[in-house]
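Remarks on the structure that follows.
As written, the chain order gives the labels A, B, C and D, with residue 1 at the start of each chain.
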Amino acid sequence: MSGNTFGTLFRITTWGESHGPAVGVVVDGCPAGLVLNSSDIQKELDRRRPGQSDITTPRKEEDKAEILSGIFSGKTTGAPISILVRNYDVDSSKYEALRDTPRPGHADLTYGEKYGFRDWRGGGRSSARETIGRVAAGAIAKKLLGMNGIDVLGHVIELGGIRANSVDIEHIRNNTEKNPVRCADPDAALKMEAMIHAARGQGDSVGGIVEVIGIGVPAGVGEPVFDKLSAQLAKGLMSIGSVKGVEIGLGFKSSIIKGSQMNDPLAIRDGKPKPLLNNAGGILGGISNGEPIVCRIAVKPTPSISKEQRTIDLSSMKDTRIKITGRHDPSIPPRIVPVAEAMVALVLVDMMMRGGFIRTSIIGSV
Amino acid sequence: MSGNTFGTLFRITTWGESHGPAVGVVVDGCPAGLVLNSSDIQKELDRRRPGQSDITTPRKEEDKAEILSGIFSGKTTGAPISILVRNYDVDSSKYEALRDTPRPGHADLTYGEKYGFRDWRGGGRSSARETIGRVAAGAIAKKLLGMNGIDVLGHVIELGGIRANSVDIEHIRNNTEKNPVRCADPDAALKMEAMIHAARGQGDSVGGIVEVIGIGVPAGVGEPVFDKLSAQLAKGLMSIGSVKGVEIGLGFKSSIIKGSQMNDPLAIRDGKPKPLLNNAGGILGGISNGEPIVCRIAVKPTPSISKEQRTIDLSSMKDTRIKITGRHDPSIPPRIVPVAEAMVALVLVDMMMRGGFIRTSIIGSV
Amino acid sequence: MSGNTFGTLFRITTWGESHGPAVGVVVDGCPAGLVLNSSDIQKELDRRRPGQSDITTPRKEEDKAEILSGIFSGKTTGAPISILVRNYDVDSSKYEALRDTPRPGHADLTYGEKYGFRDWRGGGRSSARETIGRVAAGAIAKKLLGMNGIDVLGHVIELGGIRANSVDIEHIRNNTEKNPVRCADPDAALKMEAMIHAARGQGDSVGGIVEVIGIGVPAGVGEPVFDKLSAQLAKGLMSIGSVKGVEIGLGFKSSIIKGSQMNDPLAIRDGKPKPLLNNAGGILGGISNGEPIVCRIAVKPTPSISKEQRTIDLSSMKDTRIKITGRHDPSIPPRIVPVAEAMVALVLVDMMMRGGFIRTSIIGSV
Amino acid sequence: MSGNTFGTLFRITTWGESHGPAVGVVVDGCPAGLVLNSSDIQKELDRRRPGQSDITTPRKEEDKAEILSGIFSGKTTGAPISILVRNYDVDSSKYEALRDTPRPGHADLTYGEKYGFRDWRGGGRSSARETIGRVAAGAIAKKLLGMNGIDVLGHVIELGGIRANSVDIEHIRNNTEKNPVRCADPDAALKMEAMIHAARGQGDSVGGIVEVIGIGVPAGVGEPVFDKLSAQLAKGLMSIGSVKGVEIGLGFKSSIIKGSQMNDPLAIRDGKPKPLLNNAGGILGGISNGEPIVCRIAVKPTPSISKEQRTIDLSSMKDTRIKITGRHDPSIPPRIVPVAEAMVALVLVDMMMRGGFIRTSIIGSV
């Protein structure tokens, strides 16, 4: 495997299965001197955890972060930071029925084919609980970015086919966390909420689109030609479970317009070069240009649905049917927001360290 | 920088600027015993080179591949393969006018901001000529894949807003190379060609969507959770210049349908598990499932247009206007097809080596 | 920092400080299907732990390994294996005196200079407890090697200037663990033991040389020109605290003999090529040749001594003197044996995976 | 293979066989703005090339460096620097006799076993010509170090059993290049020269020890626990052909002295902490302490000797004998000096970039 590490200078390694004793992450490369405690991490884990509202799974998980290393006297020491979250409320019995019947749209069959053997309890490593490590590490990345004047904001812009109206960054900052779907347009949020309830009522699920914006990123971040900022973001975001597409700036829309519409005109403003539009999403030639970094991900509908589906029985090698019971979010986008933010933050910190924008050994004065 | 290497076990390093003496690539990790000569590489370079038809730039480049190492008696030795392509037909004089006026939509300004200094001749490292190294290396990857029964096919499915009809794989294989736009739907191809001519006539440009399909990839390829096959493809494809979006399977469409429509039902066919649809694009949980790998990229319109655009003069720090003259493709998708195929092939070989599907030291009997 | 990960395909990440809550390791890349439980790991940790005999520190540490992920039904799943060892018997009060007086020969001053700030409790990250993660991960590597018929044996060949007689591999296998110094020559072992007691009596310490042999490694392991087997071993072994030299085969002795003495003559034996000597230590051109891999490390004397030493007071920036009290091994070589074995095992598994000698996804039939 | 890349942020990839058309290197990660031309590189290649004196092989190679990318207007641009050196004076005919008779002490047999097939012309990839890429890249690293006040000096301290007297750094700087053995002690140099002639007269060869010193390296360089400065140096140096041992500071001698002798006492000098000795070789806990970095390598005697040796005939699988004719250095240490310096310089630049001591994008003002 050995695919559980992400980043070059700010590097995280996640581990853990949904029904094992714990999940966690090791964050290597955080500079010394950062004031950090478990509440910094808890704050983000709480945005990710299930049971936040009636549109998420009622599975109650406290997801309490325990920091095991890398901190001394309330500050990071430069040593790896190990964070552990125990799994509670784990009942594997329901999954026994799924032992030989891979769930359509899930990784059950592919894990079985790759490893010849699979931890069938709750998705094992392919469970959404795997993202706890990403979010915990992302919380540290966000704190580092914050000290450099950089903000990472995610919000749901489409859900179940309902498109939110476009709003400005201040609206996103102020409105997103006010409703359970994390949509900055309050009217659309209400419709999305209704859509989620309707899908659940039908034993079905809905997907959506999440946008993440990096604000305050200086020009010059990104390492062409393969480690372009856009390429690293694409990898980080596409590595999140259920994500089927990534776009930067105008993204797929750029394929249907003319060059004269796509190119962001340049002008001098306040004595500095300034693009007058941001169709590029803040990245040209794989390098940031000082404008907000804008990326979007397509999130598929939750594969766990209670509607009957066609599947197979691996013990008899015959066709069969399955109804997935249990507690599942009928829509992933609201809870994927903090995960996507975490991945963007992790990419930004790593690439800013590579480019010399964030120091690697000591942060500020200690 | 140090962002010019791609891959872990099958690893390429590209180098070279459009107006320097040469461009090239070092391919490290090719197993010994592969029959290889420069015509294997030339074949793919010829699909990439300009001047193939009247819809591409008339810049005449022979782009002749010279292999400098790693081959003995017509076979690879396991040592790195260095490939060099000289730059001819290089006239930098036209670019002198652009020295201080960054072209909108290009990397001129971001390179300048990152490196404090920039090779203004023909885009330097951010030129499309950079993709020669990718295509040359991809030719080797494709040959390795071919020996494992795997084919990588790219084609244009949308251009300037014109959408091709969906056709099956045999049509793509047989029709794509028969028209200059590389579209497998001949009717759409004609309209796309006309669209390109029209855009050029207006001093403008058009973008499009390219689809790449990996056929014959076995189940089990991909290394969760960060080095998922989908994540590696996203990085590889997004690292190509002008690409603003990547999607796998249904991609962004998956955000608007229900879970019951998205999940590919499973059945036993010929004694083996078989998804009855391929909405997943051949990847679940980041691991291939044996179905065709389907990915798509959004390609923005060529930023070099002859229409007047607003830009700035860095010497006077004042606003100005620019008309880009010279020879430029009015539409990138047809020529990006072999580049995108190369990136998909490179990802597949590397990930298949990591998963133990392709041997790393010796290929077959020698 | 981000220097806490080792390996490419079989990759470990260690974390933890000596006086923090715990130390641990994440092992990523272990193939699925390996029967593994905590006693496999405990066995090796027990060889490393202090308090084994009267020549080691009397610090009593149980060092109990807890496996938190990657195992299901007694077998590895291919997911990362997280192992945690709690720190008990931690009394930091003695270290308060050392807060501002860096111990000569220790990393106190360099950590302080690098990170501007340092965890002064018991050496923090530079403590010998850091090697727990290496040994735990090495236990898994050794098990994988064992399934491939490969053994890794370490033993002390010199201590405090006392040189053991050279013995054959069977003697090493049978005698090393029978005495507390881990020397395969029983007579020398007695003298070494006496030497350790004498050094302790003088408030001083002694160093030595440890040899590690990899038996059964097939020909063909190693990736020239930078990732030669010898180079990877050198890195892995030199990364252990207190190691100041690494040699392969004849090592430094090869510098004083003639080529005609150094070159291992070749002959056909049992129908196969066979070197008649092993001056090369099993590696030529960075690739294993089928003979035992022989490496040796120079271990400096324990820097913590109770003799008075000259040092500085960082609070007053004046010269001062220090006597280090507390419980310290007067000689590191006996306890470094399992650590050095672990590093050799980790290098061998990783390089054998890279060369295709050990499968990466599934081990044998499950 | 994929073992031909070295470094993380300052990263080189070498390629080429001794009897192929060329050898070369791609240097990725050099910051923009460094004044660089081919004479900077030529200077170091001239120190490495054969035919410098009557103690080296009379093979006449001009080894002329051609820079193919990454430079514009005499300065680096931040893009990868590709350097090519054509192979001339290549006569493979003599090697045909060696096709089936692997040379003892060479990599002939191990390459054959690994790749099933081998380029038998002049050692192929395992030839000493492979080091041209290292030296060319090292020349750039040295220039970067020089701008940061750092010098890397190598010299022969032992050859064929003759040990040079220890001299101070100024003597090393001034005397080393004045004699063909590159020994800073002129009397020892004369004896070493005589020793080389004697060995050649006997159809034999001699090895030796080379010391490399990094002067001016600031405190704080090195990334514990695996990427310690010592570990990276060990890997880099051990990856050079013919090197069988690496040591730092007192190295193997540290194994026979007491802790009270080994520990470098600390004192305040000129208001700053200062070790009064440098037994540590400038590195403690894997981090530089501001003292000179001192490392030493054991170089085995040249394996190509004209004395008759026992070997095998792979076509008949029978024992045979071999006399190696042709032009070979009877002693490698004098010519390995610039190669070892290059590896130390490459490690220092890379680790200083990782630690934030050298900027990664722009060097100084441009």
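Going forward, a contact is a pair of C-beta atoms (placed from the backbone, for glycine too) under 8 Å apart; a residue touches a chain by one contact, two chains touch by 3 or more.
None of the values given here were measured: they were computed from a predicted structure.
Peer 1: Higher C-beta contact count, A-D or A-C?
Peer 2: A-C
Peer 1: Same interface as A-B shows up in which of C-D, B-C or B-D, over half of contact pairs matched?
Peer 2: The pair repeating the interface of A-B is C-D.
Peer 1: Taking the mean of the C-alpha atoms as each chain's centre, how many Å separate chain A from chain D?
Peer 2: That gives a centre separation of 45 Å.
Peer 1: Measuring from the mean C-alpha position of chain C to the mean C-alpha position of chain D, what distance in angstrom results?
Peer 2: 27
Peer 1: In angstrom, rounded to a whole number, how far apart do the mean CA points of chain A and chain C lie?
Peer 2: 38
Peer 1: Which chain C residues sit where two or more other chains touch them?
Peer 2: Answer for chain C, listing residues that touch two or more other chains: 1-5, 8-9, 14, 111, 114, 125, 220, 354-355, 360-361.
Peer 1: Within their complex, state which residues of chain B touch chain A.
Peer 2: Chain B reaches chain A through residues 1-6, 14, 102, 104-107, 109-111, 113-114, 125-126, 130, 158, 160-161, 199, 202, 204-209, 219-220, 222-228, 230-239, 241, 243-260, 262-268, 271, 273, 275-276, 280-281, 283-290, 298-305, 307, 309-312, 314, 317-319, 354-355.
Peer 1: Within the complex, which stretch of chain C touches chain A?
Peer 2: 1-5, 7-11, 13-17, 20-24, 26, 28-30, 32-33, 66, 68-72, 75, 77-82, 84, 111, 114-119, 121, 124-125, 360-362, 365-366
Peer 1: Touching residues of chain D toward chain A in the complex: what are they?
Peer 2: Those residues of chain D that touch chain A are 8-9, 220, 354-356, 359-361.
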